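Each of the next two complexes has chain A plus one other chain: chain B in the first, chain C in the second.
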Partner chain A sequence: MTMTETSRNPTGTTDHGGGRAGRGDKVVATTAHTALTIWSLIVILPMLWTVLSSFKTSEEIHSSPFSLPKHWNFQNYVNAWTTAGIGDYFLNSIIVVAGALIVTMTLGSMCAYVLARFPFPGSRIIYYLMLAGLTFPIFLAIVPLFFLLQQMGLLNTLPGLIFTYAAFALPFTVFFLFSFFKALPSTIAEAAAIDGAGEWRTFFQVMLPMARPGLATVLILNFVGLWNQFLLPIALNSDESNYVLTQGMAKFASQAGYSVDFGALFAAVVITVVPVLIVYMIFQRQLQGSVSQGTSK
Partner chain B sequence: MTALGTGVAPGSTKPARTRRRPGKKLTFDKVSFFLVFLGVPVVFYLAFVVSPFVQAVYYSLTDWSGFSPEMNFVGISNYRTLLGDGTFMKSVGNSITLVIVLPVVTIVLSLVLASFVTVGGSSHGRIKGLRNSSFYRVISFFPYVVPAIIIGIMWQQIYDPSAGLLNGVLTRLGFQQFSSFPWLGDERTAMVATMFVIVWGFVGFYMVLFVAGIKGIPAELYEAARIDGAGRFRTMTRITIPMIRDNIQTAYIYMGILSLDAFVYMVAMNPGGGPNNSTLVMAQQLFSTAFTQGKFGLACAMGVVLAAITLTFAGLVFVVNWLTGGHEDITE
Partner chain C sequence: MATVTFDEATRVYPGSDTPAVDKLNIDIEDGEFLVLVGPSGCGKSTSLRMLAGLEEVNDGRILIGERDVTDLSPKDRDVAMVFQNYALYPHMSVADNMGFALKIAGKPKDEIRKRVQEAAKILDLEAYLDRKPKALSGGQRQRVAMGRAIVRQPQVFLMDEPLSNLDAKLRVQTRTQIASLQRRLGVTTVYVTHDQVEAMTMGDRVAVLKDGILQQCASPREMYDHPNNVFVAGFIGSPAMNLLDVPVVDGGVKFGNTALPIPRDHLAEAGSRAIVGARPEDLTLSDDGTGLAVTVDVVEELGADAYIYGTSKTESGEDAQIIARVDGRTPPEKGAQIHLTPKPAHLHLFNAGSGERISV
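Right, the complex of A and B next:
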């Protein structure tokens, strides 16, 4: 807004004149850095405060939000781990998410491949059905889904969660991989066919390896989405020994409200976030790449 | 559903055969390939996704209570009940407030931050992004990977009237009136406070999305604009925004669908619907109607209303985008 000043001069001729970078630029850069710093602080301070609080006793938490803990010990973490059963929930989450990813990636890549490379009458209908699945709220399906799983004997079981997770991740998977398979050169598949490779071999030995970057992108996005899934487990899984992490945390939080072990609550939050943080630090570049790819298709 | 699954597969082999190798016989390889590759995913999808959606529409016309086998067809009486249900109508209003406010705020904020990152650099020489900006991106993107329920729990503690971080900061800054202000417990602030948390969780995500979009714009366009004497603000409104229009539309729809859900956040921060139901959303009403009250027919009707609002919203976004010139090519 104030920054238009310098650039209004016809500076087109000074394309290489970095040395003449005017006051306006500095103002802009400072404004930009300030705004971005403020937002970063808004993001990071709540998290640091949570970590700090996780070391405090409940009395310390109530006395002041800023006070440092007298003793830096891990008692809260021990309590959270043992009383909240986070270890078990964690394991369940891993089983469910891994299982669902295997199912949805397998089925999704197969379906997307056929839809993208062998158009037939009716393939558009399937494609639009997938699009509808992306737009309709899961809430509409949740009641019939409950009774479907009950009839199949899968209600309150991990396989039941795996199948529903996979099914609701399928439309996005197909959608994304569809455009990916479509973009792969068809000459290679034809060459494979001439060399005598059947459709099965062409897919598994030629096309799938070529689609690896696309598969990685979908895998990452699906992982984040499914790991955070909340509605499906709380509606379809009421057996506490099968709780996944998100629902276990919700239960623990609502209980902590009564027993007032806030220290353990903060510790439980940190325990759940730290593994995510580590994975994020390692993969953040790929993840950000995936997001921009996954949503621009 | 099996009928549809198998009905589709044989049809699929024909064009493929003619397209790829005319006259070649249907081999076992081909038939099994299409049966498995198309049949299995489609049947799976129909069973777990499409059929529940369709069933829900049917159940919404019945008085089904779920556990009894009896089910009477009651026509649209469930929908009439909903119209007369003040609590439900309130939740509809709240959901609509969310879908109006959240996408706009989130997208404007993330667009501003994204443009700071990408064009905040020097206005001379090559078009440059801001220095050290990846640091900001890494930090602000992080909430996206934290489970929403955790975000909700965290912020519930931050908003805590006496021991929370927010009131702690405000009192330190001298605003004594906030020393025990219940952000989530006061009807005037509960909704705004909740909306802030959702925005907080998603701004970084959309910022990354927009940064990628802006970086995909050819640099010549910016250089041409600069030579023509366009300032930063004009460049933003005349080049950047039109060029990443599709990204913005996608973001708008994603964020809208998410706002109409908002279930997790509400459950974490205000499980009871907030003071005077000021943060009650449709999804919560649906969930408790179904799984605590056992009124499954009525709950399905709520689901249909929610779906109708979602589709209307998505349709509106498309129409508005088209009417405001989304169909024109700006490079003309």
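Right, the complex of A and C next:
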């Protein structure tokens, strides 16, 4: 990155900051872009293949797995949604995940806010307990959880699953939002206090909107985590009418042995993946915001 | 609008032995512009935050008008504050930022809009009411913060270094604007700054703090002409006052090779040594070689005037820096040996031990 290199650059990229646009940067950029391209292909190609396959018949999938479908037939989706009962499981998943997210986000943001901004005796202990919850392997909790829910009469019910999910997601939510609230300038809360806002109003109308990038990030991560949750529902939700999508998928894939309707199975996979993509797309900008936060005043 | 009274107000931060603000007593009149000034860590911001209700008062009282607000929460004090970093709500538009307090107070929408409009007009912000703070320049943000305070029509304005994030030129402009706005609105204002020029130019009165203790509270003129002690003398004025530790001789104090005559009863107060203070503009070049011998290190030419930065050997053999203002057209050369004498009418004398002023 010497001056001679920049002078050899006739396209006027000097306004990018003189000697910065040198050969070293190009190498980094090329490497990065190559890596990102490969990664994108790894992610996109299987997904594309799944989507294409979901429009094919099982025979077509076996005979020409990589060709475009001869007829774009939506019958697979109809079959998956109705015959395989994916529709019901989908609804159950929505109810459980949405319920759990509402509980988690509300309680988690409040808990993180208080821990981050109000020093009180024992606040550290609560914070470390939350951290411990983050590291606690869920497998160890399965059996006690089973009996606990049984005693509460919540075993094999959707509310039971909602509470379990919420408890499962809470430590991470608190841990993540804690640092977010910690980083918010305290003068803004003070300005709100002087403007006449009480603690509740300060939280909901001033601080929470400022933490929106953090909330969005944690929402996406929680959504993906809970939507794909398999172990907890398998153990705690064995009533077939209450099955969530992951359980339904497992049942669908295994019930027919080797004579699976692959077309419908791919359709079911697409149905499962689409909500995650939608949520991601909606909050994608916020997610970027949370990563790039602090780079601008 | 109201008076503000600090009555022995004390703040001790938890885990600290020495108070951040120690028995502060200030009476601020209705409509007065009082500036709290001092070096960083002197307790000026803490004092302001105590008045705002953001900082606990451990001892003493704070009154706004006749009302004891010592234990009231910020929202019940009817004060508005402008923060150093402006503390605008980033997710709200300029209009919402300014109207937030009124909205909380449950004022009707029409009134809020009207008052926000009025404030925006005063501050030249009408074109920006729908913008978010992010899309404003530093100066505009500063004005929004001012607007948020004005809209409230509070009893007291509190300003915590509101100009320190602006560039030098804008700072000087805004300084005048704030001062004239305050005169126009007539709202009692407490203003915190570390910049003594700001303090001198804006305040009706200036309160100088050091280590949590009030050093002097007086009008800028009084403060400049009669500083209470060595600290105030050195802090107020730019360039700073020359302060020299000199021995007391018969009938006066020794100043270089001459003795400055001092009334006898003042000398008695001083003891064997005293600190003599003379502002740069009160030192004159002597033609006859009397006075303090100074070697010129740097000459700062400002056009009309020039400042000489020189060193002088003290009695104990140390180098003391001396600053003197001389005629800009004929300043001495760098490295020259000159002799300076103070104008007797503007001489300051301080006790060498306590640093307190000996009235001259």
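Everything that follows uses one rule, which is that the second predicted complex is superposed on the first by the 201 of 297 C-alpha atoms of A that agree within 3 Å, B and C clash if a C-alpha of one lies under 4 Å from a C-alpha of the other, contacts with A are read in each partner's own complex, and residues count from 1 in each chain.
The criterion applied here is as follows: a residue touches a chain if its C-beta (ideal position, glycine included) is under 8 Å from a C-beta of that chain, and two chains touch if they have at least 3 such contacts.
These figures come from a predicted structure and were not determined experimentally.
Contact with chain B, but none with chain C, is seen for A:280 once the two complexes are overlaid on the shared chain. Once the two complexes are laid over each other on the shared chain, residue contacts for A:158 go to neither chain B nor chain C.
With both structures placed on the common chain, the touch criterion links A:191 to chain C but leaves chain B unconnected. For chain A, the partner that touches more of its residues is B, with chain B and chain C as the two candidates.
Of the two partner chains placed by the overlay, neither chain B nor chain C lies in contact with A:27.
Once the two complexes are laid over each other on the shared chain, residue contacts for A:219 go to neither chain B nor chain C.
Shared-chain residue A:123: touches chain B; no touch with chain C. Comparing which residues of chain A touch chain B with which touch chain C, the overlap comprises 190, 193, 198. The touching residues of chain A, counted against chain C in their complex, run 185, 187-188, 190-198, 201, 206, 209-210, 212. Residue ranges of chain B in contact with chain A, taken from their complex: 8, 11-16, 19-21, 27, 29-30, 32-34, 36-38, 40-42, 44-45, 47-53, 55-56, 59, 66, 112-113, 116-117, 120-125, 130-131, 133, 135-150, 153-158, 162-165, 167-169, 172, 200, 203-205, 208-209, 211-213, 223, 226-227, 229-234, 246-247, 250-251, 254, 257, 260-261, 263-264, 267-268, 271, 282-283, 286-287, 290-291, 296, 299-300, 302-304, 306-307, 310-311, 314.
The residues of chain C lying in touch with chain A in their complex are 52-54, 73-75, 79-81, 83-85, 87-91, 100-101, 104-105, 148, 152. Contacts from chain A toward chain B in the complex involve residues 1, 3-12, 14-18, 20-22, 24-25, 28-29, 31-33, 35-37, 39-40, 42-47, 49-50, 53, 61-66, 107-108, 110-111, 113-115, 118-123, 126, 129-130, 132-133, 135-137, 139-148, 163-164, 166-168, 170-171, 174, 190, 193, 198-200, 203, 224, 227-228, 230-231, 235, 245-247, 249-250, 253-254, 262, 265-266, 269, 272-273, 276-277, 279-280, 284, 287-289, 291-293, 295-296.
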